Each structure stands twice: as structure tokens, then as C-alpha cells.
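Across the two complexes that follow, chain A remains constant while its partner is chain B and subsequently chain C.
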Partner chain A sequence: MNRLDLPAWLQSNDTIRLPAVTHSWKPHNYLEKTLKKIHAILSEDNRSVLNNQDGLLQKLEPHMKVTGLLTVILLAALTQNLVFLIMLNSIILFAALQSRIRLGDYFVRIWLPIFFFTGIAVLPGIINWVTPGDPLYTIYSNLTFSGHFFTLPAELTITRQGVKSALFVILRSAASLGIAMLLIKTTRWSVLTKVLAKYGLSNIIVTILDMTYRYIYLFLFIFMDYVLGRKSRLVGLETQSSKIAWIGGTISDFLRITLEYSQDIQYALESRGYTGIYYAEAKGPLHLIDFGFAAAIIILGCYAYGGINHVWIFSL
Partner chain B sequence: MSGSLVYNLQNLSYRYSSNKTALNQINLKINAGERIMLLGPNGCGKSTLQKILAGLIFATDGTLTAFDRKISENAMKDKNFSVVFRRKVGFVFQNSDVQLFCSSVLDEIMFGPIAMGLELHQSKKRAYDLLAYCDIASLAHDSPHHLSGGEKKKVAIAAVLASNPDVLIFDEPTNGLDPKSQRWILNTINDLNRQGKTIILATHQLNFVPEIADRVIVLSDDHEITAEGLPQDILSNRNLLIATNLVDPQDQPC
Partner chain C sequence: MHIPDGYLSPSTCLALGAVMIPIWYRASAKLKKDLDVKQVPLLSMGAVFCFLIMMFNVPIPNGTTAHAIGATLVAIIFGPWAAVIAMSVALAIQALVFADGGILAFGANAFNMAFIAPFVGYYVYKSISKNAVPGSTRQLAAGAIAGYIAINCAAFVASIEFGIQPLFFTAADGTPLYCPYGLDVAIPAMMVAHLTVAGFIEGIVTAAALKFMAVQPVTMLQSQINKKEGVV
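For the complex of A and B:
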């Protein structure tokens, strides 16, 4: 093959006038920042498992831990005991701190989403229009307003029954989310999936769960490189709309790349004799702390269904 | 060939968010028109150093000055500067897949010139010039993702060259390619250097060093510069090459 000379424009320095910069209030690099944040959260979870082996929950035998925590989620979902839910959330906070989970992480991961999602969702439920009942606080009364399509109720109050229901939803959600976070932040994902396999979850589902976590990392890295690759060649400026258009196009390209990778992964699995059977490790030895944990779960269960029902919170 | 100072790295270090060190106390000066080869074992920080030089990630300690301006995350937020910087520095990634994000080879090559504000016909001219130069004119309307490894690498290089950068950073450009494609890339890099482009290239392949480098920087497992010098001096230091995992101690020297 005869080599061609470099094009003439490439043999000289560019004297092109680059596009003028205009400043905008619109957020920049949000995609990159989001990817970095996801990466930081995944890495932090991984680190907290690996670096805090002496934490309270990290010391527990995984089967015992998973069984115990799933039981507690069930207790939280079924109980009618508000005191139990308050106590359970306090215990979860204590267990998180004893498992070297930072207080800030706990609030950001649990109470922030609970406040913004569950809290806002249950807010209408506390008023008498949605949950009728004994008034706790009257916002207005004896008001008459009637329009063509809408008649305003004469009274708007916050009801005891509404507040109680809202508290149940919030505390149940916080407890479930808290336990899920404790489980993830104190147990290696590979161990968690092995426990699930041991408990009879289908091999194919466990394999997918196991690989998903690993490949979320891989694809995250690929996607971050993808963004860097583009950034390195983004010589000029781009509008917000072209950035959004790129993200849309990129998602489809990226899905195609993941599909190709998944095909390769399938081939790699098959070439190494994968038959769909998942190997799950035998149980680890049980220690005194595991029996203590089991006893604590039993006590919690008893309390949830037979505990004190006549304390001040029920007078709401 | 020597020229004005392009890069000046002083006590530059980089740590990942996990606090793992990728680069430690790097001191390095790179002049315009130089051909710098970064050698070192896997994981020594070559790619990280190249990403820092390309202004894609930023040192956690120390300073990097490029084109007489300190490069930092804040400096790159100055769009007037970052636009000029990106025009001046081109980066060819090790994995071409992550660098090719357009739906056709032609669009891929035209992406840089269009972003630079060139007219469509000028951008097209650049793209077709490069398609011819890289001998991939027949692939103009193909999807980059359906090409072979060698073709993808050619498209990735053409896409970077389209902006006519002054500094070209190549991360292991010959990795996994057949000898003919490797030869094409080496010749292209030397062609570009003869036109005054600064070349910064990372590789493990010692056999290319003499013909493609003016100066060799060796990074160690400790993520530090362990040696710096002329290609013949570095290659003749067998103890150094063994210590940095660049040759197998059991291999007999030629």
C-alpha cells in the first residue's frame, strides 16, 4: 500500500477562530457528575464491607444475618404496634453506628428519601378530607365556598387517625429501608447471593443477581470512559439540546454495547462449562454473637405482637 | 526536535476516591515537538497520567502547567480556555469502543471540526481527507461499532486528528492489533511528529521504543518515575527493565 501524505491542513497549525463562549445558568456536566456519584456510592458500599470487618453486623454469620434481618422486615411490615416501630428504628440506628456506618450516610440513605418520597406521599392522608377522624388541629372551619365544579368542605383538620396511619407508613418504610441498607453495607454481595441460593432461590436468578452487581461496575466504568472519550474530543461548545440529544443517542449505543458484552459473557461462561448450576458455599460456623442476634430477633418478635400498647403515643 | 515548554508537572500526585495512589510525586517537563514514551507495568499509572495531561481528570496534589496555564478543574471550567485546550490536545484511548460514539464513521470524524465551528463543507473535506489518508474511505457510512479492531483504531485516530491538535496522546495504540496495523500506526505517529506535533505514547512494547521515542519515562509499581532518558540508555538497562516488569528475567537478552 502506498502511504499518502498527511493532508495539507494537518501539516500546519490551525488558525481557526473557535466559537465564542457564552455563559449560561444551566447546569454543566450533570451526566459526568451523576456517574461519578453513582461510582462513589458503589465504591463506598464495597469499602464499608471490606474495611469494617469488626463491625457488629459484619461479625454475624451471613445465613443468620440474612434470616434475622428478613424476619425483622416482615415484623415491621405486619406489626400494628407503633412503639415497636419507633424502637425498631432506634435499634437500626444503633446497629448502623455499631457496624461503622456513618451517621450522615444513615440519614442521607434512609431519612432523606423517606422524607421526600414517603413523607410527601402520605402528607394528604393526615387531613380529614382523606382520613376522617378525631381532629388534632383545625386549619379552618365553618367556611363555605361553592364553585361550578367544586365545593370546598366546610372544615379542614389534621386527624389523629391520619397522623397515626402516616406514622405507620413512614416508620415501616424507614425500618425496611434501614434493614436493607444494613444488609447491603455489611455483607459482600457475593456472600449475599450465595445465601439466597442456599435458601432455594432459583440458580438462574442468583447467577443474574451475582453478575448484575459485577457488571454494573464494569458498565459504569465503560460509560464513564465513554463520557471522557467524548469530552476529550469536544473541541468547541455545545448547546444543552445537543447534549441531551447525545445522551439519548448514547443510551441506545450503550445498550448495544452491553448486549454485545453480555453475548461475550455468555460465551465465556459456556466455554468454561457453565451449566446453570450455582455453587453456594456451606454455612460458616456459628458463634455466640449469632445466638445473641437470634435471641434479639425472637424478643423483638414477641414485643411486636405482645408489647406495651398503652403508652403516650397511642393517645394520638 | 525541541521547542517551547508544553507541559510542566511538579510533584503531581493522583489518588482515587478510595485513597489508592495512582501517581506519586511526578516531576516532568515536556517540550513541543517531543516524542515521549511512557513505559511501565500494568497499573503503574500510565493511563491516569495521560488522562491528566489531556485535562480529563485532575491531580489531587501538585501542579500541572500546560500551555503556560495551570490546569485544574476550576481552570477547565473557564470555557474560553477549555475550548482552546481541547483543540490543542487530542487523546486516542486504549479502548476505541469508548471513543467512538457517533452512528457513522463520517459523523465520527466530523464531530470535532463541527464542534470547532467549521463550516459543514470544510468539516466534510477534513473527514474525507482523513478517510483517504487512513485508507478507510470505503467505511465512511458504516457504523464504527461494526468495524474490526484495526479499523476502529484508525477511525479513532482520524477522529482525533480532525481537530488538528498540537499534542497527541496515545494510550497503548498498538495493543491487540496485527503487525500491518501496528506498522501503519507507528508510521502515522512519526509523520505527525515530523509536522511538529508533540507525541505522548504509553506502551508495553519495547521493540517500538527506538523508532518512536526521543525520550522515555519509566513508571514503577510505586507509581513514581523510576527512570528517564534516551531510548538506548533505558533499553540497555536490563536491571531496570526487570525491576519494572518490562522484561521477563528468564528471557535472554538479544
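For the complex of A and C:
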């Protein structure tokens, strides 16, 4: 073929810059990060836990379970008792193990984000610059430093109040995350939304929640195909503008697809005579285990507000 | 931006949840007196769309990535009241299923991301773009500016929610019971990150999506749906 017949981009003699080979386990590329995010959601297989009828929380009547677990979240938020929060986190871990949730999964989902996000976020709060109080450990004292824009305080200490405050945030966040995990891993989504409908949430909102939950997974698969398609076709390094252009184009595509889907679903619902009425099942029979669970929640509540306050951690 | 449980007191969460109740009510009333059955798929797909926007890892020049919340974009496309419902549903599923944002803090997250951000974004966009041609520089700039301002307003409100915790909720010995950072720390910490990075991401994503929507038949379809369903 004559060189002049070639398209301009093929005639170009520019060398293509290839991405540098990295040996890091951590993805750096935005496409890889997005894929990892999608994969993390799609790879969570709840079926083995949900279908395990021997699990502790799987045996509970759903209304009782949802009410009880939401009460525990509220207890964790209201308490001013650190020992209670430590005990509560231990109970949640025990309940997770008894509900056939693997220890590794529990730590990856709860304690890893707690250490890396909440832990780092509250860390500066333990020093006297942020939370003044009784010094637990002095980092430096009697220092005088004064710059043009900044003057260092004479003393830097870790305070008892700061440590307690950080522990409160960490333990409350962990308890809440743990309970959310117990709830979602041991309750089918359809059952959970039926409970919400029974508790007065509008039928239409419950249907929207159900439909959104179902289609999120379908669209994540489509999204994964988009990202994989893009990644497999990339040879050289992308410019920042081409990355942004791809993101903008993909968002626009998704808008088109979601709107098309919404029309199709609407026609499908209408043709099947959908009226918006949502049938929430009546409460199931309560068993001894349900009463035991309710009693445990009441005991926890009593302990949270009338429990032992003079324990070692408060003497910090 | 998603506030987990533990940072805000239950009374703050309750108060913001209570503020959201008339907003949700008004949103459902606005979308045809009561939520119409025909709008179920549209709002569900709107919520899916919100969720997907938050899944995009947007590259930023220092080599790392961040994500947009898409509130302004959703408000521009579906209208601010529909955005309230769509964003709230997406946030509820994120809190319950993906542990992104707290269950108790859902009201606060909805207030920041499903009310403040879409409304601020929508009205800033409207006031700048006016009758700009789709895909024109003015329309894209309006989208970018609206996205930038909206996310910063939402971040500012969130930082106030964080910052008031040690003022109101402290034990007798001075221990902050929830977020330990006062307004003097919380506002700069949140705003520096949002003014310098997150705001630009939100603005760029909004403008980039608007640019492509202008060349796709989406705009036509969207306006048809808006007319048909009475979305404002």
C-alpha cells in the first residue's frame, strides 16, 4: 500500500509511551482501581451464609432480628460506657462466627477499614492541641518555636480524654459496621425490604429499593465489561484529557442505557398489571430463640446504662 | 463524604433525619402528588445511575484517584426533587449493603448529598446556563461550576455537623463523645480536600458527562421523559 494512502495516525512516527512495569500489589491505574472496586462488590458471595440454616442469626424471625439489631446500633451510639462498647464488639464477633461468617471476612470488612480510615482520621485527636486534658504521655515539653506564620505550642502530650474519644469513635464505628454486616449477610434483601414495608415504609419506596438493588448488580456487570473493554484496547499511556473523555462518555452511555431500561421495565410492569401494591408477609411464628434474642438486647441495654463504670480502662 | 456511624451523635442524626422527612415528602409530592407507579422504574434507574457515578475512579494529577458523587449531574438530568429520591435510595443501599456511610447517619448523609448538593448544583447550573445550547462552552462551564460549588457546599455542611459535636456532646471530664474535632479543625480539614481536589473532580465529571450527552440522543429521550412524567 502506498504510504500516502495510509491514514494520518498510521503515518505518524511518534513513539508510543508504554506504561512502566510495576511490581506493586496495589493498583495505580484508574481502570484497575475501578475494576477492583466492582470486583469487591461482585465477589461478595452471601449465599453460603444466607442458606446456612444452622447459623445463629439465620434462625431468628426477621422482624425480631431487624428490630433487635437496629436497637443495638442505637445503644452503641448512645452509650458513654467504653467497656460496654468493647463487650458489644466481642458479642458481634461471636454472633458473626456463630452465623457462619468467616473470621477473615469479618476482619477484612470491619476492622481493616476501621484501622485504615477511622483510626487514621481520629489519630490527631488524641493530642492536647485538639483534645486538651490529663496528660498520659508527654512527647515534648518546654519548647519554644516561633516561625513567621506558625508558633508551636510549648507542650505536646497525648491526653486521656483524647484517647478515650478516639476509642469511642472507633468502637462505635466498628459496632455499627459489624451489625450492618450481620444484618445483610444473614437476611435476604427481599425479606429485609418486606420488614421495612411492614414497619410503614411506603410500598412504592420499597419497590424502588428492591428494583435498585437488583439492577445495581446487572449494571455492575455491564460496567465491568466497559472497563475491561477499555483496558484491553489500551496500548500506550493515556493523556489526562482522554481519561476524562472516556469517563464522561461512559457516564453518558450509562444514562442512555438506564433510561432505556426504565422504559422497558415500565412497559413490562404495565403489561403484567402491576398496580404498585406490595405484599409484605405477616410476621413469622416466634420461637424460643427469638425471645432469648430479645432478652439479650434488653440485658445489653441495661448494662449500657447501669453497668460497671469503675473498670481499668476508665482509670487510664 | 459518606459519614459513618460513630462520628455524629444520635440526636444530630435524628435531627437531620427529621429535617429530611418533609423534604422526602415534598419530593414525592412534587413527583405527581404521590409517587406514581409509572415512575418506579425511572427513579430506580436514577438511583442505579447515582450509584454507578460514584463507582468511577477519576484519575487526578498526583497519580491517585478520587470519585464524584454525581449529585449535580443527576439534578440537571432528572430535576432536583427526583434527584433527592434517587440519591437517597442509592445512599440507603450503600449504607445497608456496602457499609458506605452509617445506618444511623443516613439522615445526615441524605441531607448533605441528596438535598444540599443537588439543589445547590441545580440552581447554580440554571442561573449560569440559562438558555445555553447543549454542548456549548457556557453550558459545560455551568455544569463544572455547579458541580464544584455543590460538592463544596455539601462538604461545608458536613464539616459543621462534625465540628459541632465537641461543642454539644462532651463527657463531664471533657472527653468528646463523638467526632473530637471542633469547627476550627473540621471546617479547614474538609474544605481543603474539597476545594482543591474533590470539587474539581465533581466539576470535571459533570461537564464531561454533559458534553457527551449533548451529542447523544439522550437529551431528547430525557426531555421526553421529563415532559411525560412531570419531572421538574
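Keep in mind that, in the parts below, the second predicted complex is superposed on the first by the 243 of 316 C-alpha atoms of A that agree within 3 Å, B and C clash if a C-alpha of one lies under 4 Å from a C-alpha of the other, contacts with A are read in each partner's own complex, and residues count from 1 in each chain.
In the analysis below, contacts are C-beta pairs under 8 Å (C-beta built on N, C-alpha and C of every residue); 3 or more make two chains touch, one makes a residue touch a chain.
Computed from a predicted model, the values in this text were never measured in an experiment.
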| item | value |
| --- | --- |
| First (chain B), second (chain C), both or neither touched by A:R256 | both |
| Which superposed partner A:M211 touches (first chain B, second chain C, both, neither) | second |
| First, second, both or neither for A:L103, with chain B first and chain C second | neither |
| First (chain B), second (chain C), both or neither touched by A:K231 | first |
| First, second, both or neither for A:S176, with chain B first and chain C second | second |
| Chain B versus chain C as contact partner of A:I299, first or second or both or neither | neither |
| Partner touching more residues of chain A, whether chain B or chain C | C |
| Set intersection of chain A contacts, chain C complex versus chain B complex | 28, 249-250, 253, 256, 260 |
| Residues of chain B that touch chain A when the two form their complex | 17-18, 51, 54, 56-57, 77, 79-80, 83-84, 86-87, 89-91, 93, 95, 97-101, 103, 111-112, 114-118, 126, 129-130, 132-133, 135, 145, 159-161, 163-164, 166, 187, 191-192, 195-196 |
| Touching residues (chain side chain C, partner chain A) in the complex | 4-7, 9-10, 13, 28, 34-35, 37-38, 40-49, 51-53, 55-59, 61, 63, 65, 70, 73, 77, 85, 89-90, 92-93, 95-99, 102-104, 166, 171, 173-181, 185, 204-205, 207-213, 216-218, 221-222, 225 |
| Chain A - residues contacting chain B, complex | 1, 3-7, 9-14, 16-19, 21, 23, 28, 39-40, 43, 47, 222, 225-226, 228-238, 246, 249-250, 253, 256-257, 260 |
| Residue ranges of chain A in contact with chain C within the complex | 28, 30-31, 33-34, 37-38, 41, 70, 73-74, 76-78, 80, 109, 113, 118, 122, 125, 130-133, 160-162, 164-166, 168-173, 175-177, 179-181, 183-184, 189, 192, 202, 204-205, 207-209, 211-213, 215-216, 219-220, 223, 240, 243-245, 247-256, 258-263, 265-266, 269-270, 274-276 |
